[in-house]
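Here come two complexes built around chain A, the first alongside chain B, the second alongside chain C.
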Partner chain A sequence: MKPVHILLLGIVLALLALPSFLTPGLVNAAIQMLIAALFASAYYLLCGQAGMLSFGHAAYFGMGAFATIHAMNAIGGTGLLPTPLMPLAGAIGGGAFGFFAGYFSTKRTGTYFAMITLAIAELVHALAPHLKALFGGEAGVSATRMPAWGFTFGSTNEVYYLTLAWVALCLTLLYLYTRTPLGRLTLGLRENTHRLRFLGYNTHGLAICVFVVSAMFSGVAGGLLVVSNEAANYVLFDAHLSASVVLNTYIGGVRVFLGPILGASLMTFFGYAVSDLTQSWLLYQGALFVLVMMYMPNGLAGLFGQIGQWRSRFGLAALIPFVLLALGAGLLVGGGGAFAIEMLQRFLSQDYQALASANAAGTWPPIRLFKHDWSPAAPGTWLVPATLLTAGAGLAVLARQWLRRLVQREESNRAAAEASVPGDAA
Partner chain B sequence: MDWLLVSVMNGVVYGLLLFMVSAGLTLIFGMMGVLNFAHASFYMLGAYFAFSLQARIGFWGAILVAPIIVGAVGVVVERYFLRRVHQYGHAHELLLTFGLSFMIAELVKLFYGNYPVNYRIPGSLDFAAFAVGGLDYPAYRVLMGGVAMAMFVLIYLLLTRTRVGIIVRSAIYKPRMAEALGHNVPLVFMGVFGVGAALAGLAGAVAGAFYTTNPNMALELGVMVFVVVVVGGLGSLGGAMLASILIGTITSLSVGIDASLSDLFALFGARQWAEGVGGLLTLKVSSTAGTIPFALMLLILLVRPHGLLGEKG
Partner chain C sequence: MSDAILTLRGLKKSFGDIEIIRGVDLDLLGGERHALIGPNGAGKSTIFHLISGNIAPTAGEIMFAGKQIGGAQPQAINHLGISRSFQITNIFPRLTTFENLRLAVMRAHGLQYNFWRLVDNNRRVREQTERLLEMVRLQARADSIAGEMSYSEQRSLEIAMTLASDPRVILLDEPMAGMSRDETEYTSNLIREVTKGRALMIVEHDMDVVFSLSERVSVLVYGQVIATGTPEEIRRNASVKEAYLGEEVAA
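The block that comes next holds the complex of A and B.
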C-alpha cells in the first residue's frame, strides 16, 4: 500500500466516525464541507483539467438543486425516487442545463468562454425570480425527506452518511474519469486544442462532453444541498456562489486532484468557524485568493508538494528554520491584517458612527476587539497592526534570504563535487 | 411615439455609458491580451470616490478628481499585481483580476456599507433640458451622453493624431518591435491601463449620481459590458460602439413593452393554450428586460460567433 492510500483510508475512516464526536451543528458544517468539496471537484474537472474557466458554475449547481426539489415534491410529495437516490435528479437537471449552456459557451474558448458562462449564469439569475412555477419566486420551494430503505432521514447524522456516501462515490467516479481515454483527451483540450483537432477529434463535441460531466456532478452537489436543507431558493443562482467555487478551487490548488477538495473543505470550515466572529469573511477569502494567485500559483496543495521537494533537496534540518520563519511571517501578517480589517469594520459600522455622532464632546468611544477596549483616536491602536505587518514582512524577507542561501549552498556543493571528479571537467 | 423617442434617447445615453466602460476594456484587451475582470470595479470605484469627494470639493471637482484617483489605482494594479503574474499566462491574469474585483467589492462594503449610498446629482443640474410630448427630459442625461461623446472624440484624436497615440498603437500592434525601436513598452502598457481605468472611473463618477451607487453596481454593469464585447467582437472599438448602442436601446425599449409571448400566440388563436402553459409564455417582456441582452448574445454566438464586427479567429 502506498502512503497516499493509507492517508485516504484514514480520512475515510475518520469521516465515518465523525458524527459520534461532533455536535449536530458541526455535523451540519461537515455536510456543507462535503458538498463544497464535491462542487469544487466538479469545477476542477472543467477549469483544471480541460482548462476552461467558468465563472458561472452556480447555474448548474442551482439547476441540480431545483431538479432535486421538484423530484422530491413529485407524485403528491412521495417523490419520484427514494430519498437516497434523489441526487440523481440533480445530476440529470445539472447535466441537461449544462448541455444547453455548454453547447453555446464551448463555441468559443479562453476569455470568451469565461464571459459567456458568466452571462448565462446572470441570465438564469435574472430570469429565475420571474418564473414562479419553477423556482418559487422570492419564497423558494420546500420539500420533505421521505423515509426510505429502512432509514427515516430525520436526524442530521443519517443525512451526513447519505451525503458522505454520495460525495465519496462521486469523487471516486471523478478520479476514475481522469484515468479513462476521455479523461486524457480532456487534458489534451487544455494543452493543445489545435493538435487534437488535427488528430481528428471533434473538439467542440469533446468540450461539450466535459462541460456536461462537470455540470452533472455540480448538479449532484446541488441535489445533496437540497436533500440536506429541504428547501431551495433562487439565491442559489447568485454570482457569489459561482465566485466562491472559483476561489476555493484555486486556493486549494488546481494542479492536483485533491487540491480543490482540500481548498473547498478548508474554506467552508473556516467560513463556518468565523461566521460569528467577523462580518468580513468574504474579504479574507478574496485576499487569500489574490495572495495565492500572486505568490503560490499552485495553491495550498502545490505548497505542500513544493515543501516536500525542498525537503528532499536540502534536507529536513536545513529546511526547518525556513518553515518556521515563513510560518511566523504568515501568522504576523495574517494577525495584523485581521486586526486592521476588524478594527476598520467596527469603526466604520453604522452603529458605531451613530454612537459617535450622538457623543456630544466629539470624542470617539472605545471599540471592543479581542477582549480589549481600543480608542480609534489613539495612535497606539493603529500601531498594533502596523507593527505586526512590518514584523511579518521582515520575517518574510528573512525566510527568502534563507531559501536563497540554501540554493547557493547546494550550487556550490555541486560545483565542488563536479570539480573533484577528474576527467569530468574535460 | 413620444414614448418611443424618449426610450430611444435613454437607450442611446445608456449605450454611450456602456461604451465608455467597454472601450477601455477592449483597448486593454487588444494591448495585453488579458480581459480585465476588475474593469467594472473601476467604474464602481469612480462612483464611490466621487461620492466621498463631493462633500469636500463639490460635484465638478469630484467628477474631475475621482477618475484621476481611479487611474492611479489602475496603474498600481497593472504595475504591482498583473505584471507579477504575467509569466503564468493569460488565464492566471484573468483569475487575478477576478480576485481583485471580488476584493474591491468587499472593501467597498467594508468602507461604505452593504447598501446604496446617497450620491445624487446636484440641484443645479437637476432641471429639464427640453420637453418631449409634455414630459420633461432631464438635462443630466444629456450631460452624460455629452461627456461620453467628448471623451471619445478626445481619445480618438489622441490615438490617431499625436505622437503618443502612434507609439501606443505600435505597442499594441507589435510590442517587441516597438521595444526594439527604443520605446518603453511596459510604461505604455501601464499608461493605457491607467487611462482605461480612469475612463471607467469617469463613467462611474458621472453615472453613479444618476443611477444608484451600491456595491453590486460593478457586477451588474460588468456583466453587461461583457455581453457588449462578445456581441461587438472583442478588440473592435467600432463593434463595441455598435453593440453598446444596440443593447442600450433594446434594454430601454423592452422595459416599456407590456406584452408577453402569449399575445403573439393570440394572433394564431392560441392565447388560451399559452396562458395555460404559463412560465416563459406569460412572462411580460418588461420584466425580462434585463435578460434580453443575454438572449441576444446567445443568438449572436449561434449566427456570428466572432461578434458583429470582430475579426475571425
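The block that comes next holds the complex of A and C.
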C-alpha cells in the first residue's frame, strides 16, 4: 500500500467516526466542508484540468440546488426520488443547464470564455428573483426530507452520512474520470487545443463534455446543500459563491487532484470557525488568497509537494529547523496581521467613531480586544502588531538563509564527490 | 504510382490586399513522396495550412480523393486521412512524451467521448503508442515532460504524432529543422520507411534530404508553382536555378 492510500484510508475512517466526537453544530460545519470540497473538485476539472477559467460556477451549483428542491416537493411533497437519491436531480439540473451554457461559452477560450460564464451567472442571478414559480422569489423555496430506506433523515448525523457517501462517490468518480480517454483529452484541451484539432478531435465537442461533467458534479454539490438545508434561495446564484470556489481551488492548488478538496474544506472550516470571532473574514480570505498566489502559486498542495521534495534532497533532520522557523514566521506574521486588522476594524467602525466623538474629553476610549483594553492613542498598542510582524519577518529571513545554506551544502557535497571520482580512478 | 490523391486547382489565398498564394496547381499522386521547395516567404507553409484546414482558401479548390475539402474543419480533414506536422513545434508541452503520443493514437480508436473505460487498460492503444515511441527512438524519454526535451527530440515526437492516426496523406513541414546530421539521416530513412503506401508532401530546406528522399519536387516562388518534376529535372531547370537554387549557390 502506498502512503497516499494509507492517508486516504485514514481520512475516510476519521470522517466515518467524526459525528460521534462532534457537536451538531460542528457536524453541520463538516457537511458544509464536504459540499465545498465536492464543488471545488468539480470546478477544478474545468479550471485546473481543462484550463477553462469559469467565473460563474455558482449558476450550476444553484441550478442543481433548485432542481433538487423541486424534486423534493414533487408529487405533493412525497418527492420524485427517495431522499438518498435526491442529489441525482441536482446532477441533472446542473448538467442540463451546463450543456446550455457550455455550448455557447466554450465557443470561445481564455478571457472571452471567462466573461461569458460570468455574464451567464449574473444573468441567472438577476433573473431568478423575478421567476417566482421557479425560484420562489426573495423568500425562496423550502422542502422537507422524507424518510426513506429505513432512515428518517431527521438528525444531522444521518444527513452527514448521506453527504459523506455522495461526496466520496463523486470524488472517486471525478478521480477515475482523469484516467479515462476523455479525462486525458481534457488535459490536452488545456495544453494545446489547436494541436488537438489537427489530431482529428472535435475540440468544441470535447469542451462541452468537460463543461457538462463539471456542471453536473457542481449540481450534485448544490443538491446536497438543499438536502441538508431543506431550502433554496436565489442567493445561491450570488457572485460570491462563484468567487469563493475560484479562491478555494487556487488556495488548495490547481496542479493536484487533492489540492482543491483540501483548499475548499480548510477555507470552509476557517469561515465557520472565524466568522463568529471576526467581521473581517472576507478580508482574511482575500489576504490569504493574495499571499498564496504570490508566494506559493501551486497552493497548499504545492507546498506539501515542495516540502516532500526538499525532504528527499536534504534529509528530514536538516529540514526540521527550516520548517520550525517558517512555521514560527507564519504564526507571528499571522498574529500581528490579525491584531492589526481587528484593531483597525474596531477603531474605524461607525460605533466606535460615534462613541469617540461623543466623548467630551476628546480622548479615545479604550478598545477591547483579546480580553484586554487597548488605548488606540498609546504607542504601546500599535507596538504589539509591529513587534509581531517584525519578529515574523526576521524568522522568515532566517528560514530563507537556512534553506540557502542547505542548497550550498548540497552543492559543495556534489563538488567534493565529483572531485573524488578522478582521484579514485588514479 | 497511381492517380492523384490530392489535387490543388487555381488555389488562391489573400490576407487583406496581399495575395500570398497566387493560383497554385499541384497534384500529389497516391504513394509518392513529393517535396515542396522554394525561398522563404514563397507560401509553402501557407499551402499546408490551406490543405490541412488551418485557414480557408480565397479561391480555387482542394480535392482529396474526389472530395472538395477547401475550407473544411481541421478535424474533418484529419478524419478523411490527411495528417500534418508543424514547422513550429506544436505538442502538449506539460504532458509526458508518452501522453502526447497516446492522445494522438487514441483518436483512430474512436475514444474521443469515452469516459467509462480506463485508458491505461487499453492494450491496443498502449502497444501502438510504444511502437511509435520506439520508431522515433524516444522510448527512453517516454516519461519525460515533452516541453523539457531537446528541440530535435520534440521534432521526432511531432513526426510520431503525425503518423499516429494512420493517415493516407502526410504533410511534414520542415521535420528535420534543428536536427543533427545523424538525426537527419535517421529521420530521413524513417520517413521513407513509414510513408510506404502513403502519399507524402514535405517542406524541407535541406536540399540533400529533398533530392534523396523525394520522387518529385515542386518549386514554389511568390505563391506560384514554377516547376514540377523529378529531382533530376528540377536540378536542370533553368528558371528554378535562377529563382531559387541559383540564389542558394551564389549565397
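Just so it is clear, the second predicted complex is superposed on the first by the 422 of 426 C-alpha atoms of A that agree within 3 Å, B and C clash if a C-alpha of one lies under 4 Å from a C-alpha of the other, contacts with A are read in each partner's own complex, and residues count from 1 in each chain.
In this text, a residue touches a chain if its C-beta (ideal position, glycine included) is under 8 Å from a C-beta of that chain, and two chains touch if they have at least 3 such contacts.
Keep in mind the model is a prediction, meaning the values are calculated, not measured.
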| item | value |
| --- | --- |
| First, second, both or neither for A:L199, with chain B first and chain C second | second |
| Chain A: partner with more touched residues, chain B or chain C | B |
| Touched partner set for A:S312, first chain B, second chain C, both or neither | neither |
| Chain B versus chain C as contact partner of A:L176, first or second or both or neither | second |
| Which of chain B and chain C A:L131 touches, first, second, both or neither | first |
| Common ground on chain A, meaning residues reached by chain C in one complex and by chain B in the other | none |
| Residues on chain A engaged by chain B in the complex (per definition of touch) | 51, 53, 55, 104, 107-108, 110-112, 114-116, 118-120, 122-123, 126-127, 130-131, 133-134, 239, 243, 246-247, 250, 280, 282-283, 286-287, 289-290, 293-294, 297, 341, 344-345, 348-350 |
| Residue ranges of chain B touching chain A (in the complex, touch as defined) | 29, 34-35, 81, 84-85, 88, 90-92, 94-96, 98-100, 102-103, 106-107, 109-111, 113, 219, 223, 226-227, 229-230, 234, 278-280, 283, 287-288, 290-291, 294-295, 297-298, 301-302, 305 |
| Chain C residues within the chain A interface of the complex | 52, 54, 73-75, 78-79, 83-84, 86, 90-95, 99, 102-104, 106-108, 111-120, 122, 161, 164-165 |
| Residue numbers on chain A that touch chain C, as the complex places them | 176-177, 179-185, 187-188, 191-192, 194-203, 205-206, 209, 213 |
